[in-house]
Structures are given as structure tokens and as C-alpha cells.
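Please see the structure below; I have some questions.
Which chain is which? They are A, B, C, D, E and F, in the order written, and residues in each are numbered from 1.
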Amino acid sequence: MSQPAAKRFPAPSIDKLPEDIRTRLLTVQEKSGFIPNVFLTLAYRPDEFRAFFAYHDALMEKEGGLSKAEREMIVVTTSAANQCQYCVIAHGAILRIRAKNPFVADQVAVNYRKADITPRQKAMLDFAMKVALEAQEVSDADFTALAAHGFSDDDIWDIAAIAAFFALSNRLANVTGMRPNEEFYLMGRMPK
Amino acid sequence: MSQPAAKRFPAPSIDKLPEDIRTRLLTVQEKSGFIPNVFLTLAYRPDEFRAFFAYHDALMEKEGGLSKAEREMIVVTTSAANQCQYCVIAHGAILRIRAKNPFVADQVAVNYRKADITPRQKAMLDFAMKVALEAQEVSDADFTALAAHGFSDDDIWDIAAIAAFFALSNRLANVTGMRPNEEFYLMGRMPK
Amino acid sequence: MSQPAAKRFPAPSIDKLPEDIRTRLLTVQEKSGFIPNVFLTLAYRPDEFRAFFAYHDALMEKEGGLSKAEREMIVVTTSAANQCQYCVIAHGAILRIRAKNPFVADQVAVNYRKADITPRQKAMLDFAMKVALEAQEVSDADFTALAAHGFSDDDIWDIAAIAAFFALSNRLANVTGMRPNEEFYLMGRMPK
Amino acid sequence: MSQPAAKRFPAPSIDKLPEDIRTRLLTVQEKSGFIPNVFLTLAYRPDEFRAFFAYHDALMEKEGGLSKAEREMIVVTTSAANQCQYCVIAHGAILRIRAKNPFVADQVAVNYRKADITPRQKAMLDFAMKVALEAQEVSDADFTALAAHGFSDDDIWDIAAIAAFFALSNRLANVTGMRPNEEFYLMGRMPK
Amino acid sequence: MSQPAAKRFPAPSIDKLPEDIRTRLLTVQEKSGFIPNVFLTLAYRPDEFRAFFAYHDALMEKEGGLSKAEREMIVVTTSAANQCQYCVIAHGAILRIRAKNPFVADQVAVNYRKADITPRQKAMLDFAMKVALEAQEVSDADFTALAAHGFSDDDIWDIAAIAAFFALSNRLANVTGMRPNEEFYLMGRMPK
Amino acid sequence: MSQPAAKRFPAPSIDKLPEDIRTRLLTVQEKSGFIPNVFLTLAYRPDEFRAFFAYHDALMEKEGGLSKAEREMIVVTTSAANQCQYCVIAHGAILRIRAKNPFVADQVAVNYRKADITPRQKAMLDFAMKVALEAQEVSDADFTALAAHGFSDDDIWDIAAIAAFFALSNRLANVTGMRPNEEFYLMGRMPK
């Protein structure tokens, strides 16, 4: 690939990376067939890399009341509001795969209010967008509204924490000029 | 103290926390005389706690082109834009102490454009606010403007990463209803 | 297809449409293999249908200084700003085909400032977005800036008129609840 | 009149216009005593002129549940929000005449919420403004609220389509620098 | 007149007002032929009435570098941005009279950027709008830009103070529901 | 003190001020131990000074349904929204003293929704912020909501008038570059 992982910061050479980071990169490469640019970009700062992915995994990989597809919906919806090209395109691919649905990622990226999702998922995204865009106005009424859809306080923490983590991630991607790998655009779009 | 660490989530009992987290809490308590509520609130989720503070320390404690007071200025300024009570009041205290200046924290919290800081620091805060509020518009021109004030690309990463990390932190504090400890209000206000 | 063309208004039966409108629908169906939902939705109002497509064709199909791919770029970029699901997804497909580029539509939909397009195209989209979002601030300086990229006054009219026409179109689609046909999602994504 | 019809594009010479357009201009001139500048400005592009006025007439001249004065109220209110000088001043005149009311146009142009209109008309304008300014948030609840004031789905289409059509019109007027004819300022202001 | 001076607060009976206030009301009535509703509305609070008009007169009636018509332009432009019906309609009348121009008030009320005014007046209104809408961003650069148009520091104070005073006045009018007297609508519109 | 009262306008020499203004300055100096910079800055314009403080006293010093601490809460909250350094810091001090509470000023300055105040006070500040930021949308429903918390129409006038008066004051302070005196930062922070 001739394009850099990020426009404004150099990706370090993989063989000079600390052992744990190189191992993570090679593992993801083996599993996915390529190294997503977020790994290469953040490897420029090993300590931040480690904290970023530890946080990411704590929110996105653990068990809980939200399905993995729902977590990716939060990522795609709030990242589109933040106009983060990398996150919308990369996590759009993951959402299509996890939801086994070739349409939902583009729908929520443009306007989640009109997406083919459940009322419970719309309430989840309403709250995620409030956290992303005006968290200072979150109130007890938001918790009550989410509880009415069956969300526990722990689910609410998860929704908020995912939206908050991608508030961080979107900003890093926009500042570094992180590029979505070309592989992401087509992933999960084919009917099986 | 009769008030909870956060309004909407319970702080776990310190003696039931994992060893590494309990140790960190006790260490900060010994050093500061109290446990800042961000530690108690995030201890509700040990894995997120660990990633959060690892990220925080990687950005705020390391050496680099920005002074520690300047990093706190970024925190206070962007957290005020996000209306995060905990972060403005707690980091306002740290900024007063690190800058040895009883006025600057209140000044940047209300309107950094009018604060008694250097033109270089204003340029730093202009960029931090752009990252906090409209990172999608960051462009090469921002890097050029910062370079004209002597900021290296690594400094720019630091400014952006601190603003981005507190984009996360501010949202968590606003959703959980995290309270600033009363000790923070007066810290660093007295002439020595 | 089980889903209606638009959520909130019924599509008329094709065999009851006025002759000219039925002919247009059948022609597009023969050419594309399906009838895009904008045709079915607007057929509910024959006079508006005729005016809408006459306007559309006058702007999108004629010769001129903007390539057809560039016109679709304007559509996708401004429609994303207006959160119009139908227009982003349908015209995203057309853009991919006209630009012979499977990536550009998703890039401009999320953040045109970071898309792999020329500086001239960025200036074109800067202006299109100004027309879409704050046309009241358009000034002679915008014309000067565009002229510096080689745009004639007629090109500027075209950019503005396309952005203005989709200001209309996006609003109709959002109010009627117009749905993108499933065919659009995958069109133009495959390397040939 | 020494001032051009529009600041940034030349009005074509009337005697060189296509026959149908020249006829329309002369007809309106005979009826009104002058040619409103929107006709002269758009005549620069005959195909767009034809589509524009066909669309305009389909929305503004036909029978339906909205009175002609109410349609003009939608135009003036949303055009003021878009800061379109031509549309507010020209359609303000038409509104005064159609409503036989010398006050209502200035009232809705400044703040429709405080105008001397019926609650049903305020609901109509609330929705028109939502279409003008944030159509992406239109939901079924808006339809329900309008139905409670007696608006049919066809009326709702009309409100939305008028607001959407003037979203287009306002942008064209602001980009071309279209000037309100001086005749409009005083029309309909005199008690009869 | 059957309509109250303000929708939400009663106007006091003129003969029960303090002497100085009654005298002012009768004087303006004699001069204008009617009592503008701002006098009747604010008379509800005699001390505030006195301070309000003392402030008003100090800014609007004194000599200085701005013509009286220019001061009214500031009022109409910023009051339109604040959607204050009373101020736009009442001061629009005064502006027409003071400028001896039947068009300028409607032009600046809708979009001052397109009004038939001088570049110096546009710079004055750019600054007045900045004071009205985002005074926190006023900087030395604004003073420099105004100086380039020949404005002294005292002129700048005047522009800012008028915009600031009507920030107060617009808010009072919107909260009390102050109504423009019908006399204002036609004043100054006739060629002499 | 080496810093001027305001950055962009000179403070007049106290001994050259008109007698009434000099007396007021000396009185406040005797009472407070220093002359707050708002007095020195506005003394540049004696007539405006007199009107300003007459208005201020009419709103802030009289008896009424709002406590003096509540009035200062309105000032601090709305002045923070307007990013007025002088008003937040100076009135923050007064609020701490009048409320006998060292925490409340910083709390409402950052995010009044999370402050340790009563629901009645939150409703008061919700309305004050609406007046400060979007007074054009004030409606009868706001009066009803406030009445439910026991506010009379006169109280509502007071809330609105204080928010409106500081809309003026904040703009003057931001334009003149008024500086908070250093004395304010620490006032009212000590437990007694």
C-alpha cells in the first residue's frame, strides 16, 4: 500500500517496536490479513498504544448487556457525528460483520434516527449521541429513559464509556490524519 | 465526607478492590491527604481504571516539550468548554500549584483568550480547543501555526492527545456525576 | 422488496401514474434494473415530480466545467451534512461509478476535508458546504477564491445550484422517510 | 432602476430570451407593473428557470388545505431564518396582500413565535422551521402534533415541500446576490 | 388600541406613575402622536425605567463619531439577530426616518451583509454582531480592523455599548412579550 | 497594582472624575478595601457609569422574592456562559460571601446543572440561561414552569432582568478587556 497509515505522523518500523506491540500487530495481521492503521499510527507512542488498546478491549471485548454489534453501532454513530473517517469506515466494516447486516453501518453513519434498528437501539444511540455531543446536559432523566428500555446502570456506563472512548479516538484520528485501510470498505457487504 | 464520589454510580469499598488499585488509592491518599473522587469513581470498573490511569500518566507525567503547568492549562481550558465540574475544579487546583500562580486557573476556565499567559500558550490553547470542539477541521495549517511558535510535531501530538484524553474524561465525569472533592477548591490559592 | 419506498407517504401504483411519469420509471428500471425510491416517492405528486426531475437533469446531466463525478461529490458531501440517508447512499453509488473509485464516496460522506481529492475539488466542496449550511455568508471573496482554482462564474453557479437543489431534495427525503434501495449499497464497490 | 437584478450574475436581455420565458416575464410585468428580480436572475439559465417556476407554481398556486396566505407565511418565516433578503422582502409583500394584513409579514420575519397568528399556524411554522433548519430530526411525532391541529398528511407534505423549495430558492438568492425590487417594500402596507 | 403593551406584564395606569415618568411618557406622546410600548412596559418598574432610558439616551442621543442613523443600524441589525420583534420594528422605523431611506431597515434586518450600505458601515455591523453574538472572542484584531475604516477607540466603545445595551433590551422585550405599536410599521416608508 | 483596570481603554484619574462618581468610588474603596475594576473602567464614560450602576442597584440591591445570593447565582451562571472573566470572578466572590458557601460559585460557573443547589434554584437558572442564550424562545410555558416552583411574575421579571443586565455587562467587559482585581480570587473561600 503506497499510502501512509496517517498523514501527519510516521508509522514506526514494525521490527523496531517493543516486543508486546509487535506481537499485537502481527497477531491482528494474521487474523485479519492486514494491519489496521490505528495500530500502526498509535505505535508511534508505545505507552499510549498500550493504554489505548487496554481501554478499547475493556469496553469492546468483554461480556455485558450490550451485544458486540450494538457496541459497534455506538462507535459508528458517534464517530460519524465527529466526522472521523477512520472510525466510521473501519468500525462500519466491523459492525456489518458483527451484525451480519450489510446495510446498518451506512444507515447509522448518515442518520441513525432513520436506521432499521429497534426502538431500544435508538434509545441507546440517542444517549450515546448526547454523551458524544453534549454530555454536560446528561441528567437523571436520561437514566430513567434508558431503564424503560431495559438498560441497567451497568449498560448505561458501557454506552457512555464507549461514546467517551471514541470521543478520544476520533480526535486522535482527525489530528494525525489516520487513513482507513482500503480493505475495510468492502468488508461485510456481500450476502453470504 | 458525606457526599458520594459520584452521584450515579457507587464507589466500591476500598478494602475489596484489587490489590494494585487499592495500592494506588492509598498512595495518592498518603501523598495528597485525600483520595480524589476520580479514583473512587473509576474503581467501579477495575480494567477501565487501569487503562485510564495508564493513559493519563503517559500523557501528563512524562518528560516533553510542554511544561506540566501547560498540560494542566490544556486540561482546565478544554474541560471548561465541556462543562466538566470535576475536571475544572480538580485540575484547576493542580494548575495553580504547578504554575505557582493563584489566578491562571480561573482565568483560563472562563476565557483563555483573556488570560495572563504567553502568546505561545494562547496558540497552544487555540489548538487544544479546536481538538476538543471541532477536531474534524484540524488541518496542516494548524501544524504550521504551531510550528511558528516553536512547537514540534511531538508537542502537537501531546497537546492533541491531552485534549482528546480529557474529551473522554469529561464525558465520564458528566455521566457518572463525579463530584470534585472539597479539598480542591482552596488548593494553590494562597500566596506562599 | 418488502420495504416501502418511503416510510410516511404511499407510493402510487405504477400502472395508475400519468403516462410520462410511468415511462420515466420504466426507463430507469430498464437501465438500472430497479426503480430508485426517489422516483416512486415523488410520483405521489406528479407536478412536483416533473419539476423536480427537470431541475435535476438541468443541473446534473448537462455539459459544463464540472465533471459528472464532481457533481456527485457535491451531492454526497452536502447530503451527508444534512444527514440524508437516501441521498448519501444512492448518490454515493453513482459517485463511485462515475469516479470509477470505490473509496471516494465514503470518504467525502464522513469528512471531505480528509478525502483523496484534488485541492481544486476541496475548494469546490468548501463552497458547496457554505451554500448548504450558511449561504447567507457567501461573499465576493468566495468567488475570488474559486476563480483562483480555475472555476468560472458558470461553474460557481453550478456548484451553488447543485448544493441548493439537494438542500431541497434532502429535506423531502428526510420528511417523507425515503429509503435507499438495497441495490445502492454495493454498487461501484468492486474493483473491475 | 439603476441597480442590477442580482449582484453577481448578469440578467439576460429580455428580447433575447426563449419565447416561453419572455412571455412569462411580460405577463408578470403586465400584472404587477414590474418584473420581480427572481425572474430576471433565473432567466440566465432557461432550463433551470422553467423547472424552478414549474415547481413554485405546483406548490404555491394549487388548491389545498393551506390558504395562500399560510403558504406565504411559511416562505417568509423560513426565508428569514435563512437570511434571504430577496425572499423575505418580496414574499413579505405577497403575504401582506394575501393575508390582507399589513403587520403579519414583519412579525413572522423577526420572530414567528410572537406573531399575531393562530395556534394552528404556529404549529405549521414550528414544523416548517424544523424542515428548514434540522430536517434530519423530523419524526413521526411531528406528524402526530400536526394532525392534532387538523393538518392532513397532504397538508404536511405541502408545508414541508414549501420549506424545502425555499431552502433551494434562498440559497440561489444569497449566492447570486439577488436584489428585492424597490416596489415590494411598500406593497400591502396601506390600510384600504 | 385593544392590544396590551406587553403580553406578560401589565402596563401601569399613566396617571398613577411617578411624576418624572408620567412627564416623559406625555412628552413622547406629544412628539410622536403615540406612546411607544417600551415606555409603558418598563414603567412597571420605575427605577429600572429611569436607568434604562438614562442609558439609552447616553448612547443614542449624544454627539459622536457615529451618525444617529448608524446607531439605529446597529440596533436593527443586532436586534434582528436576537429575534426581537419590538426592537426591529420600532427601531426600523426610526432608522428609516434618520437615514431618510425607506429600504435600509428591512435590508439590514434580514441580512446586513447584502444591504446597500458603505464598507465602513459593514465593518461597523460586523463588529456589532460580534459583540451581540460572541463578545468573548473580541480581540485586538477587531480594533485594528475598525481603525482601518477610520473608527476611533471612542467610536468602537459606542458600537459595542449600543450592541450591548440592546442585548439587554432585546431580552427584556422577548421575556415581557412587548408588542410593537402599529404606528411603527409604516413610518418612514413613503417617499417625501 | 501594575495591571490596568481594562486592557483596551484607559481608566480616568480618580481626582478628575465628577464629584458623584468619585464619591462612589471612594465609598466602595472604603468598604471593600479596593476599587473593583468595573468602577474604574466605566468611569471613562460618566453618563453610562451613572445609568449602569443605577440599573445594577435597582436589580441587585432591592428587596424581593429572590435572595441576594440567588441573584448572584444568576450573574455567575450566565456570565460563565458568556465567558466573561471579570463577572465570573468578581461576582463569584460576592456569591461565596452572600451564600456563605465557598463551593457554589465554582460549581455554577462550570455547570450549574450539577451544582449543590435546590431544584427551585435550578429552575431559576434554567430560565436565566434561556434568557441569556435564547430569549427569543421564551414562552408562556416558561412562566408556568417557574410558577410551579413558587416564583411570582415579579420574581420572573427579576430573574430575566438580571440575566439581561449582565448580557450587557458581560459584553462591555469582554470588549474593554476588563480585568478582575486580584482581591476577588480568594474572597469567601475560607471557612470562618
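Here, contacts are C-beta pairs under 8 Å (C-beta built on N, C-alpha and C of every residue); 3 or more make two chains touch, one makes a residue touch a chain.
For clarity, every value in this text was computed on a predicted model and none was experimentally measured.
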Chain C to chain F, fewest steps along touching chains: 2
Farthest chain relative to chain A (centres taken as mean CA coordinates): E
Chain whose Cα centroid lies at the greatest distance from that of chain B: D
Rounded Å distance between chain E and chain F, as computed from the means of their C-alpha atoms: 24
Centroid spacing, where centroids are CA-atom means, of chain D and chain F in whole angstrom: 44
For chain D, residues that touch 2 or more chains besides their own: 83-84, 111, 136, 174
Chains grouped in pairs wherever the two touch, ordered by label: A-B, A-C, A-D, A-F, B-C, B-E, B-F, C-D, C-E, D-E, D-F, E-F
Chain C residues touching chain B - in the complex, by the definition given at the top: 111, 113
Chain C residues within the chain D interface of the complex: 8-9, 44-45, 47-48, 50-52, 54-55, 58-59, 62, 82-84, 131-132, 135-136, 138, 140, 143, 153, 156-157, 160-161, 163-165, 167-172, 174-176
Of all residues in chain B, those that touch chain F in their complex: 7, 80, 83-85, 88-89, 92, 102-103, 106-107, 109-111, 114-115, 174, 177, 182, 185-186, 189-190
Chain B residues within the chain C interface of the complex: 136-137, 139
